[in-house]
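In the part that follows, the structures are each spelled out as structure tokens.
After this come two complexes, each holding chain A, first together with chain B and then together with chain C.
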Partner chain A sequence: MRKSTAWNLHMLAGLCLVILLGIHMITTHLDLILGWFNPAGGEAINWRNVVGRGMHLSWMLFYICFLGIALYHGLYGLRSILFELTLTRGAEKVVTAVLVTFGIALFIMGAAAAVVFQSQAMGA
Partner chain B sequence: MLQLKRHPNKLGIGGWLLKGRWGYERYLYILHRITGLGILTYFLLHIFVTSSRVLGMKTWEAVMGVLHHPVFMLGEYAVYAAFIFHALNGIRLILIEYGFAVGKAEEPVYPYRSSVNVQRPLGVGVMVLAVILALVGAARFFMLNGG
Partner chain C sequence: MTNERKSCEVVFHVRRFNPETDEKPYWQQFTVKVEPGMTVLDGLHQIKRQHDFSLAWRYSCRMGVCGSCGMLINGSATLACNTQILDISDRNLTIAALPNFKIIRDLVSDLSPMFEKHVAVLPYMLRDDIQEMHEPTGEYYQSPDDLLEYLQFTYCIKCGCCMAACPTMATDDAFLGPQPLAQAYRYTIDNRDDGTDRRKKAVTVEHGLFRCHYGGECSAVCPKGVDPARAIQLMKKQLFFDFLKLTKHKTPAHVLGRPEGVERNPKIPEPPPYTVEQE
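This part shows the complex of A and B:
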């Protein structure tokens, strides 16, 4: 991928995160003020609210998109900061490979948790 | 293919923070980096914490019980405030990256107004909005009592 494309995607991911993380923040941290997306009422982290959200396909897809976009934005940002330390070309390749591998592993773990939990919540 | 000359960063991380007399936007840049790294650290841990929901209600409630400790509450509020700042400042940076809110290019003939001064109201407005939203969040974190 060209550097300019990756940088533009980083900014686009940031804009998407304003919306996705904004929804997440409103759901979990303004729960007692707004009460949005919390079917059982009270705190967002109450188990019944977690199950209530987790059983919907739309929330599962929301979490998976959120996870992927946030990992890309965050790890690309970290890579940019590390590159500013003027690493050698070899070190840059190692940093990129480590961050890509780490990001893919976390994405698989988090996405699997969302999929498994949705099937568990549907059966509950 | 054109190869840019590589200039070694002799100052290292200290150069981001300690070298020079910076303007207002430079401090926003430093804060943007710090909040970005803080949010990323929290987010990576958050993936593990929230994935624990697949282990069932007891595990979830045990984990959430730990996170109700005042130290974690304070940390969560710091992440919330960092997100508010990082998101609003990020929108400002994207607008400037694409040439919005920096004014039209003009000949630098004295007296002229630099684009730094043209873009400053946006930076100030963004910070005012960030403080308002951070205060709204503070009401939730520290004044309302969750059941």
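This part shows the complex of A and C:
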């Protein structure tokens, strides 16, 4: 990927995070005020509310998108900070490879958890 | 900072280095009798006359125009000719060559990497109508508002102070740096220019535009009031909008024909012949 494309995607991910993080914050931290997306009422982290949201395909896709975008934005930012440390060309490649591997692994774990939870919640 | 302007003795702590004889830089002290109105450049001249004729630094215009006498004065990159001694100290003054550059000798930094990077970002008008540029039939139209878009960036005198203050330059020699990047933006937003795509390729290299993390030191130290950090941020924004296909295609300024029915003033001389061979 070209350097400029990666950076532009980093910016775009930041913009998306404003929206996705906004939805997440409204759902989980303004729960007692707004009570959105909490079918059982009360606190958002109440198990029945979590299951209620988890049953919806749209929420599963939301969390997978949120996870992927946050990982890309965060790990690209971390890579930029590490590159400030006067790394050699070889070290830069190693850092990139480690972060990409780490990001993909976390994404697979997180996405799998969302998919499994959604299928189990549907069966519950 | 002194409130009262009186003559006093100021100790100049000067960082010396001669690569032919010294293994590493060292500090040397000179006591200089300072009168109100004396600049750091005047103080250096006094040292050369009265203490050590071997002290080396670079200067030319003595009025903040040529950009030759950039150096690190009391920890801040600035012009020696533009800095009154009593404005910053009445006791001690530390003077060193600009950081982030190799030292040629004493206070003389090697600015050639900056000039090479400056050339790399194509800091000149790029257009397809080569014939018109070489043998103009008129002038390219530019409104006062168009001029104001880039005017402040034309005040750059290439003194290297911004490059010396840049924290990214301190860790990354290959980073293009604030001076070249600001000049790339200056030409990109000039309404007469049509080289945005070519210049974009020049600045989005591995150690280019995106390595800037907006420390803002370049703008803080610029002795001419140019704001390179702003130019870099605006260029990032422009490239991001390009990426999202949200920018309109820019049509470069058209040629404004010569006015009809007007005779050329005979007192205005013809332009001199070209000094370089035309393509």
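Observations on the structure shown:
The rule is simple: the second predicted complex is superposed on the first by the 124 of 124 C-alpha atoms of A that agree within 3 Å, B and C clash if a C-alpha of one lies under 4 Å from a C-alpha of the other, contacts with A are read in each partner's own complex, and residues count from 1 in each chain.
Simple rule for what comes next: contacts are C-beta pairs under 8 Å (C-beta built on N, C-alpha and C of every residue); 3 or more make two chains touch, one makes a residue touch a chain.
All values derive from a computational prediction rather than experimental measurement.
After superposition on chain A, the partners chain B and chain C are seen to clash. Once the two complexes are overlaid on the shared chain, A:86 sits against chain B and chain C alike.
Applying the stated contact rule after C-alpha superposition, one finds that A:25 touches chain B and leaves chain C untouched.
Taking chain A as the reference chain, the count of touched residues is higher for B when chain B and chain C are set side by side. Contacts of A:45 after superposition: chain B is touched, whereas chain C is not reached. In the superposition on chain A, contact of A:16 is made with neither chain B nor chain C. When the shared chain is aligned, chain B comes close enough to touch A:54, but chain C does not. Looking at the shared chain after the overlay, A:4 reaches chain C, while chain B stays out of its contact range.
In the superposition on chain A, A:70 makes contact with chain B only, not with chain C.
Only one of the stretches 81-89, 99-107 or 171-179 in chain C has C-alpha atoms clashing with chain B after the fit on chain A, and that stretch is 171-179.
Comparing the two interfaces of chain A, the one with chain B and the one with chain C have residues 11, 84-86 in common. Interface residues of chain A facing chain C in the complex, by the touch rule stated above, are 2-5, 7-8, 11-12, 80, 83-86. Put simply, chain C touches chain A in their complex at residues 168, 171-172, 200, 204-206, 208-211, 213, 239-240, 243-244. By the touch rule above, chain B contacts chain A in their complex via residues 6-9, 12-13, 33, 36-37, 39-40, 43-44, 47, 50-51, 53-54, 57, 60-61, 64, 67, 76, 80, 83, 87, 90-91, 94, 97, 136-137, 139-141, 144, 146-147. Touching chain B in their complex are the following residues of chain A: 11, 14-15, 17-18, 21-22, 25, 29-33, 42-43, 45, 47, 50, 54, 67, 70, 74-75, 77-78, 81, 84-86, 106, 109-110, 113, 116-117, 120.
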